[in-house]
């Protein structure tokens, strides 16, 4: 269980302290505030704060004096128009602040999204907990033979068992030595900033991560997608659910135009037009490479 | 007066609609929400939304589960430490969203601060109002003779009167023609995106501007400073007051370390050390250029 | 003519001063260096510097020790793969630095692309030239009746003549007064930072603008597109030609996947699949709004 | 030795291939191009490309048509003025592209500087080499007792020996298991994206890192500073030397105003003024906290 009783009590206490505000309030995301949604074996996602709601997107797009809302239907049509025509600035007017606990190798992928604000737990200053991501057997997959950066078949039980044994015993030993190095019991103790180098990439870290809705959608589009690594995708999928509760109209437009949408090249569009006129188009007559044709066939079923 | 009765009524209505939230609330900035604080002759600054407070800065710095507040004294010491040592990420955890009405030539300076989110009223889509910035006579100053990008003495009354006459009559004529060009009365009417090119840089525009506290402090440090152009400085000074109400501890640290602080070169530090030992240092013996020495003397009185 | 004889001579001189370098060189863009390509009536685009070429994109994608080039075919396939799968970082490894002269109202649109570096000619410090954008009669179009932020029919000759008269005479008068205000002949002269407010938005400004290739492609995709305002589109179209000479493989992929490509919503993809199976789909049976259906029909012809 | 003979040969070959260019050339940095400067036990820094030189900074600040250089003295005075007055955009006009090999725990600190472009060697796609950072005994320091995120005394020989033994044996074992997990010899082999989680934070990674000079100075100011962790500081110090060769005037201004400069709070300035008038000021009469006073005493000697 990721939280201590003290932490659970702190969170429960925060959830009782309602205060009045004149700001826009999204009931949907208020229900999530402070709660730790579990992810993987020791990770979580907590909503710490948010700014704005669907109406705030419209209000900013209209640079209006009041709420910017005429009706929910108008707002939905405007939001879908903005999404369809790649208007990014109104979506930047909303912010979400999360507290995330995640394995270091996931954090390394995540941090590559530069347009966010981050405060990470400091292993120069503090001591990391003894918590490592150990995959479930069902997620232990072999290297893909078609995709150089993906997974293929699930490992055999014997192969999986061997992998899990190594992951657990190496992590345990590395952490034992980390603790022994920094111990101040009968010795000075190695500096934390040095001792941390012995810890493997499946140890958990945590951070506060704040991002605007436009950049969050960009993150979700890349990380909630089928080709994203499973271990970051489960975080992205959970955040998708939170965003759907927070800004349902914007999330609906995102789901239709981005998550569910496809981008076609000029060549692909030409092929489509020919196919719609009844022509049979093959890879050879398409002008596309084999890889592009395979992806094109995947898109249009 | 910048606002219409309908706009005033919309704002008054918003200020009555308190709702409960679990988020951190800053009483100090709630008092400002939605109100139009006047700036220059037709401009204003309105707080539309905010995220976070002083405690949120500490909470993020500590990556904590609860409020992150042990005591106000602890929070103040931590915030001052963070400011003194150039830690930027905890301050990025707070956001302020403003609605600003401002002359175009001020907007052109302001927008150079790239790390903010902006939605500007579109003159391609909408018709601009007939409102121009006409300076008060007391602010009509001559080109500085010592600073190539500053102001010197106030103009003579006759010179000022001539300037004001031109500013008013040229703006009036330009706007008359703008209106006549886009009019659809007996003609098609020129596209708005073209007609706007006839309008001078003292016409007012407006935008929603959202920025995190770290980048806001950077803006205020440069624009609330004595060398900033008066017409943007008055906006910055007003925003300083709002920020002081919103996050008083962070603003206090900013006022002491940034607004009131000075940066000295290595050469200047060497001179200071010599002076503190009783040596009389002059520009000639300082190793500094005349310009640097003049600025150094200004700093240490 | 936009350049003075002195400026022409400076540029000609720069074009004679070849020096040896160990860096990658793109012959295609060397041909453009320093030359002023005219745009609109007084504007121009000049290439001042560049970093990288097509091979540099591949080299960065491979994090390689050498040139990263195995063959041009390999490079092209890799670049098309990167573009198709939204890999942005390898394209960020190339940079282009331009000197651009452009009307202020175009500059105001342009600057909204925040991920670039800009040094603008300062009208606080310097005096602007007497140069205004006066459209050709053929580009003077009426407000569109279908698109609130676009142009429709060309104006009648009489209406156009009236518009041109106003644009010219208002600009002339505004500049005359600008000059008279700042004149130090028999008076102190108004500060430049104030006098500039009398100048209309069709006056020319200029800046150095530096951007990486990924963000440049984003700019070009939005501004070389049919719905962009004509006055910025002509700049974007010229830059497209320069980029095609500089990084022909990357530009080819961009032209196919972005400029020539389309993005379809999930709903649109479902319709396409039904149509490819022979079903007749109409707006009523599509699940799309009228606006979306009209745009969808436009895309698939 | 970090490079293979093939890599050495590739680099040597690149250094023979001079080509003519019309762009500005900095002789000082051309001497570094492609060469691997060693850092730590297996790391390096290689200059891959650059854009601009000292004159380009001035040229951009002046938005000039030609070289922007009147004389080296003028350029130096202008560059020092720009640095002193926090003008950032002219420095953004220069770019440096590096190939860096560095331990993962250093990479994690480095990447927090978001305003740079990065392509990292992918451990989802490729297999990492068996190379780990093992500190020299002289750098193995205890946790500081005054600074919670720093180092204190050097460890005793016995304590150091124990630490080195653990670092080496744990890394060896982790890598052995990593290799065994991904091996396709008699098994499918675990996906690389999973197997990498077993590797400790002292394994080496590598990336292409491109940054403009303004943001590079910000990085160097924080990371070449005495409180930075030793393992990142040695990279920053090496890059300082490269930058000094590339843009000597800009580096000189940076060294004086930033690296060698100090920032004083308003309170500290008041104390200084009193001290310069002969008053004896103590912490008690300074208005500063004990921590601030200790730092203030450190600055002014």
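For clarity, chains are labelled A, B, C and D in written order, and residue numbers in each chain start from 1.
In this text, contacts are C-beta pairs under 8 Å (C-beta built on N, C-alpha and C of every residue); 3 or more make two chains touch, one makes a residue touch a chain.
Predicted model only: the values in this text are computed from it and were never measured.
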item	value
Any chain that touches subunit B and subunit A	C, D
Chain copies touching (subunit A, subunit C) - same or different residues, decided at half shared	same
Length of the line joining the C-alpha centres of subunit A and subunit D, rounded to whole Å	29
Chain centre separation (subunit B, subunit D; CA means) in Å	33
Chain centre separation (subunit C, subunit D; CA means) in Å	35
Touching two or more other chains - residue numbers and ranges from subunit D	89, 118
Subunit A to subunit C touching residues, read off their complex	77, 80-81, 84, 86, 222, 255-257, 259-269, 272-273, 275-276, 289, 291-292, 295, 299-301
Subunit B - residues contacting subunit C, complex	103-105, 108, 111-112, 114-115, 118, 122, 124-125, 133, 135, 140-144, 148-153, 155-156, 159, 162-163, 166-167, 170-171, 173-174, 177, 180-182, 184, 187-194, 196-202, 229
Sites on subunit D touched by subunit C in the complex	3, 7, 10-11, 13-15, 17-25, 30, 33-34, 48-52, 56, 59-61, 63, 65-67, 89-90, 92-93, 95, 97, 99, 117-121, 206-208, 210, 212
